[in-house]
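These are the structures, in structure tokens.
Look at the two complexes coming up: chain A is in both, with chain B in one and chain C in the other.
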Partner chain A sequence: MRVPPGVTSKDFSDAIKRWEEAVGREWVFTSDEDVDLYRDSYSPFWHEDLEPIPSAAVAPNTAEQVQAVVKIANEHRIPLWTISTGKNLGYGGSAPLLGGSVVLDLKRMDRVLEVNDKNHYALVEPGVSYFDLYRYIQDRGLKLWIDVPDPGWGSLIGNALDRGGGYTPLRDHFDAHCGMEVVQANGDIVRTGMGALPGSKTWQQYRYGFGPYVNGIFSQSNFGVVTKMGFWLLPEPEGFKSGNVLVQRHDDLVPLIETLNYVMNSNIVQGTTTIGSPLLMSRAAAQTASGAGGSALVMSPGGPSVEDLEKIGREQNLAYWNCELNFYGPPKVVEAEWEYAKEKYSSIPGVKFIDGPTYTLPYDPKDVDKLPKRQFGIPSLTIFGLMGRSEGHMWFSPIIPMTGEAVFEAQRVFGQAYHDMGVPAINQIFVFPSSFFPRSFVILCGFPIYHDVEKNRRSREVFKGLVKAAAEHGWGEYRTHTAFMDTVSDVYSYNDHALRRLHETIKDAVDPNGILSPGRCGVWPKHLRKART
Partner chain B sequence: MRVPPGVTSKDFSDAIKRWEEAVGREWVFTSDEDVDLYRDSYSPFWHEDLEPIPSAAVAPNTAEQVQAVVKIANEHRIPLWTISTGKNLGYGGSAPLLGGSVVLDLKRMDRVLEVNDKNHYALVEPGVSYFDLYRYIQDRGLKLWIDVPDPGWGSLIGNALDRGGGYTPLRDHFDAHCGMEVVQANGDIVRTGMGALPGSKTWQQYRYGFGPYVNGIFSQSNFGVVTKMGFWLLPEPEGFKSGNVLVQRHDDLVPLIETLNYVMNSNIVQGTTTIGSPLLMSRAAAQTASGAGGSALVMSPGGPSVEDLEKIGREQNLAYWNCELNFYGPPKVVEAEWEYAKEKYSSIPGVKFIDGPTYTLPYDPKDVDKLPKRQFGIPSLTIFGLMGRSEGHMWFSPIIPMTGEAVFEAQRVFGQAYHDMGVPAINQIFVFPSSFFPRSFVILCGFPIYHDVEKNRRSREVFKGLVKAAAEHGWGEYRTHTAFMDTVSDVYSYNDHALRRLHETIKDAVDPNGILSPGRCGVWPKHLRKART
Partner chain C sequence: MKSARAVLLVAMSLTFAVPVLAAPDDAQIERGHKVYDKWCFPCHGTGSGKPGTDSLRQRGQNPAVLEERTDLTAPMIKTFVRHGVLFMPMFRKTEISDADLDAIAAYLTRNNVK
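Let's turn to the complex of A and B:
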């Protein structure tokens, strides 16, 4: 049996016995066979001693059982690593950051506690997946849409706490939550917002409650264990429309994005928009680029010039840039919105438009496979069919300004960084900037994971190099794999790491024994803080 | 010279001398004449010893001066009470909660640091008022709208930290902020969100940064002194339209609000909507009601029955309920949205509509007095012309669910509460439920303040009675006057005040000497905690 760091075998055995009493013997996992299931399926440490492997896992079924488990851990100072469903593949999955931590697995807490179709919200437990909530709503014929990330098997609570994003108007999952229940390290149960008022009628309807609004400190955090959370849902729209805007020249990206800001910040275009490039994604461009050992998607030194690429575009009638705009609302409104967007964009010379269909809703469930699922909040696992041929991936995901200039700079900086590190950019999965969150872009670069120690070591170095290159240009990651949490935290260093000092001050106050998810997002408990540096 | 509680005259004199060195002699106020200006103009304690009067005031001009002031206070354990402009009349104004506190007045920090009209945001200091930012934008001809509360002389930062609301799509002022700079009790300066990344390019464009998102804990709080804050702005819309929906019967409120939820949560109707009642506001109804010693606005026992009122409505052709819907966007879109809203509402028998004009924007600045200012984000002081004949007021402002049933229950409960306390409800300024925040209603009841000790004592008792009556029905105040912060905090008592315990745990960690705004929103520092109970 593995034992957590700093814990004696005897203490650990005692704790396990007490956990078994608290949650039932069958829900405490200690055999290697069981515990190995909690290892990161996409670990960048495959076949290395560095891989953080849990010592055990405990799966409580209620908030009261979570209290009991946490109290026992607190008494014995056993590090816990909380997961909801552990499906955040590419960011660490169900594995802890600190090897030997006990996984606190909340997947059994999978109750949909309330869904309200008049005020449009749900209250759920951490084990509730997007599929679960979607089915709950469909089974009852409720006129509500959820918002889903790729893929749909993850936990609403886990994804929101990781501050993940989706595709509909409620795509900022943390921002769309309303009200939490949190078990603290000392076992105390807190309800936040209006939930602090016994018998509250608006726990899922008004966010803030009274006094300091604490919810944010439980996101990307190890300050507590969230056991319930409310989410605002979208009333089923009566229509949906999408349209594509295509521009011909490299520099047209600047006005393309400037107008995108206008129509998004005016709430005319809603949901996630991704900047694409029919030209750069074309075979012709890729051939030109790979000849130079690069990719057209990032502007590697020695790669094709803008002029070369524009020429290919003209010859093959390929737009340099495009973006798809999504409109949610009654058919007449979404059509007026799309007409207006076309008017706004028509000032770009040579712009072309592709009108998508206007959907009249509700949709027929048997048509589900013909619909744009993500835009409709329909969970799926489709994304796995689109991934490359590696054994997994991890995400490099910096935030950049929502401007054409920033996109050009990012292409140049990351192209240069790949080049400097001697890695052909073509080996990376580079996805274009997306508006997963309002008013900024996320760039998602998928790094492949291999069952090859040397390749993974190299990838990790490249990853760290990119974090540094990004920071030098004022860009930071919105989220990262457990393997890089310290690396990313290190670049958020304003005033000699003042924010981290504040995080640590709060951590020491709310979890003095440092048992909850040590190291998560760069926040370490006092007794492990020195080890980091 | 007044002296803060628990501080010796010598220590206080020393501190004042050092503050004078730090901020300039003319910016430290100690004479009664100067300090009296910081008393609450609408104090519910007029002519009573209970009135909390500050001992002094200090007005730093930069974040560095704030650091210096706070460090000196921390050394001598002098309680500070931070205000931005101190214009939150009805909620305590510029006066501290704890008498003898030194007012930390940030009004001199009135710099608009950045306004971006491509990504639509501003970065400001605490002394910047809505008028200031509006003028800044107008002077430069920037195509941006701000969101204003009533009235416009307050601070953007102060109002957002109080979690105030306005009228446009960005009406939830705390939610519309992005990025903070905070001076901590120990003088450390923290930048939150992307501001923690030196040279960040997205401080005002992506909210969360990396790791625990702390911003919320600085709202309605005494955990730090906010010295900079970013705000998202609305791109100037090309059109605006409003329309009125009028329904005839008492029970029509239920479908009126049900559809309001649908159109608001679908982002078709944007901005604040207030439920009104042409009938209940009419002279005829008021006469009927006041005969029974009540008001038609709350259903006092013995007041007119629903049947009586509906009869008056039929006779005088007055709608029982109405609501104004606001639409922001290009003219063709807002017209399609209003047509759609009418379609949705047409299922209510007898419903009537009043079409407002469609405004084509931008507006001509010389027409400003003809425009619906609040809906257009134009600051004003108009509200003061609308208030009653008292010497001031304070606000009772509970949150209730956004349903007709909840509005009926609130009318009944508050009517009964007034009745039980022997106060004619007609003496209160009762304002109808408003959607200052998404997905819930705020009810605003203005309590008059008098230069009459007995009347004010009575008002305070009534106020406390209403807080209690509200809590018994699951409703809590979103914000309150300093005089009632403990009263309101007391009802947020889930799990024997677990949330308050968490607040106190954080307070003790980030401000161990308890110098920052003691008692704000029910959070007291350790050494004063016992005194409360």
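Let's turn to the complex of A and C:
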């Protein structure tokens, strides 16, 4: 049996016995065969000693059982690593950051506790996936939409706590939450916001309650174990429309995004918008760029010039940039909003528009496969179709300003970084930015993972190089794989890492024994900080 | 050929000699169908955007939809679920219990030639 770091075999055996009493023997996993199921299926450390493998897993079924498990861990100073559905693939999956940690698996806590179709909210446990809540709503014919990230098997709570995003007007998942229940490291349980008021009637309707608003410190952190969380839902809209805006020249991206900011921040265009490029994605552009040793998506030294690419665009009638706008509301309203957006964009010379369909809702469930699922809050696993023959992926995901100039700079900076690191054209991953969160862009680049030590080692080096290049230009990642949490935390260094020092002050106060998810997002307990540096 | 027949004979004799290896009953298959719909269909089902089905089809598997196959075996199914393959991750026992996995195997092998 594996043993957590810094814990004696006797202490560990005692804890396991007590956990078995608390949650039932079948829900404490200690055999290698069972514990190996908690390894990160997409680990960038396959076949390397660096892979953090847990020592055991415990799966409570209620908040009271979570309290018992945490109390026992705290007494024995055993590191726990909390997971919800454990499907945070690309960011660490179900595996801990610190090898030997015991996984606190909350998947069995999969109850939808309340769905309110008059005030449009849900209260759920951590094991509830997007598929689960979607089915719950569909089975009852409720006129509600959820917002989904790309993989539907994720946990609403886990994804929101990792500050994930989706596609509808409620796409910022942490922002869409209202009220938490949290088990603290000493086993005490707290409800935030209006939940602190016994018998509260508005826990999922008013966020703040009274006094300091603490919910943010439980996201991307290790300050507590969230056992319940409320989420605002979207009343089923009466209609949906999309429309595509295409501009011809390289520099047209600047007014394209400037107007996008206006229509999004005015709440005329809603949901996630992604910038695209019919030209740069074309075979002709790719061939030109590859011949010069680069990729058309990034501006690598020696690659084709803007003039070269614009010429291809003119010859092949390909727009340099485009973006698809989404509108939610009554059909008459969404049609009018699209017309208004077209008016705003008409000042860009040569702009073209493609009208998308206008959907009158509700949709017939039989037509689900014909719908834009992500924009309709319909969970799926379609994204995994992009993985090809890789054995996983990890996401490099910096936030950049929502301006055309920033996109140009990102193309140059990452092109230069790839060039400097000797990354061949075929591996120069760059994805055009999306507005997963209001008022900023995310560039979401999937790095393939293989069961190949050298390939993964090289990918990790390049990943770290991109984090550094991004930080040098004022861009930081919104979220990262456990393998890079220290790397990313390191670049958030204003005033000699003042934010990290504040995080550590909180950590020491709320979890003095440092048992909860050591190292998550760069926050280490006191006794392990030296090892990090 | 001779050895394959020998294996088949051994398998047949085990089937007759050990009652627990009898064909799964309808209730087990029905349970497996439900578990399959929850855990497997989103990737391996019919319709658009099913990456497991698409991946198998790209590699020449026909039929690519698991429910339509008659050549899957219980050990094969269990190996894939517990170990994953390519971008398919492993599934833990808190997601798919051993009993549920038995039921999935019963469902996906229901049409095998006995």
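Rule of thumb we're sticking to: the second predicted complex is superposed on the first by the 529 of 533 C-alpha atoms of A that agree within 3 Å, B and C clash if a C-alpha of one lies under 4 Å from a C-alpha of the other, contacts with A are read in each partner's own complex, and residues count from 1 in each chain.
One rule holds in what follows: a residue touches a chain if its C-beta (ideal position, glycine included) is under 8 Å from a C-beta of that chain, and two chains touch if they have at least 3 such contacts.
Predicted model only: the values in this text are computed from it and were never measured.
K.L.:
Tell me which partner A:Tyr130 touches in the superposition: chain B (first), chain C (second), both or neither.
P.N.:
In the superposed model, A:Tyr130 contacts neither chain B nor chain C.
K.L.:
For the three-chain arrangement built by superposition, which of chain B and chain C touches the greater number of chain A residues?
P.N.:
After superposition, B is the partner touching more of chain A.
K.L.:
Report for A:Trp395: first if it touches chain B alone, second if chain C alone, otherwise both or neither.
P.N.:
Neither partner.
K.L.:
When the two structures are overlaid on chain A, which partner does A:Tyr38 contact: first (chain B), second (chain C), both, or neither?
P.N.:
A:Tyr38 sits against chain C, while chain B stays out of touch.
K.L.:
Does chain B (first) or chain C (second) touch A:Gly86, or do both, or does neither?
P.N.:
second
K.L.:
Quick check on the superposed pair: does A:Arg108 touch chain B, chain C, both, or neither? Answer first, second, both or neither.
P.N.:
In the superposition, A:Arg108 touches chain C alone.
K.L.:
So in the superposed three-chain picture, is A:Gly152 touching just chain B, just chain C, both, or none of them (first/second/both/neither)?
P.N.:
In the superposed model, A:Gly152 contacts chain C only, not chain B.
K.L.:
Indicate the residue numbers of chain A shared between its chain B interface and its chain C interface, in ascending order.
P.N.:
Shared contact residues on chain A (touching chain B in one complex, chain C in the other): none at all.
K.L.:
For chain A, which residues count as touching chain C in their complex?
P.N.:
Contact set of chain A toward chain C: 27, 29, 34, 36-39, 41-42, 57, 59, 85-87, 89, 93-94, 105, 107-108, 127, 131, 152-153, 368-369, 373, 379-385, 387, 389-393.
K.L.:
Please output the residues of chain B touching chain A within their complex, sorted ascending.
P.N.:
So the residues of chain B in touch with chain A come to 118-121, 163, 169, 174-175, 178, 184, 188-192, 194-202, 205-221, 223, 232, 234-235, 237, 258, 261-262, 265-268, 270, 328-330, 332-333, 335-337, 339-340, 399-403, 406, 437-440, 471-480, 488-489, 491-495, 498-503, 505-506, 508-510, 521-523.
K.L.:
Please name which positions on chain C make contact with chain A in the complex.
P.N.:
38, 42-43, 47-52, 54-55, 82, 84, 86-87, 89-95
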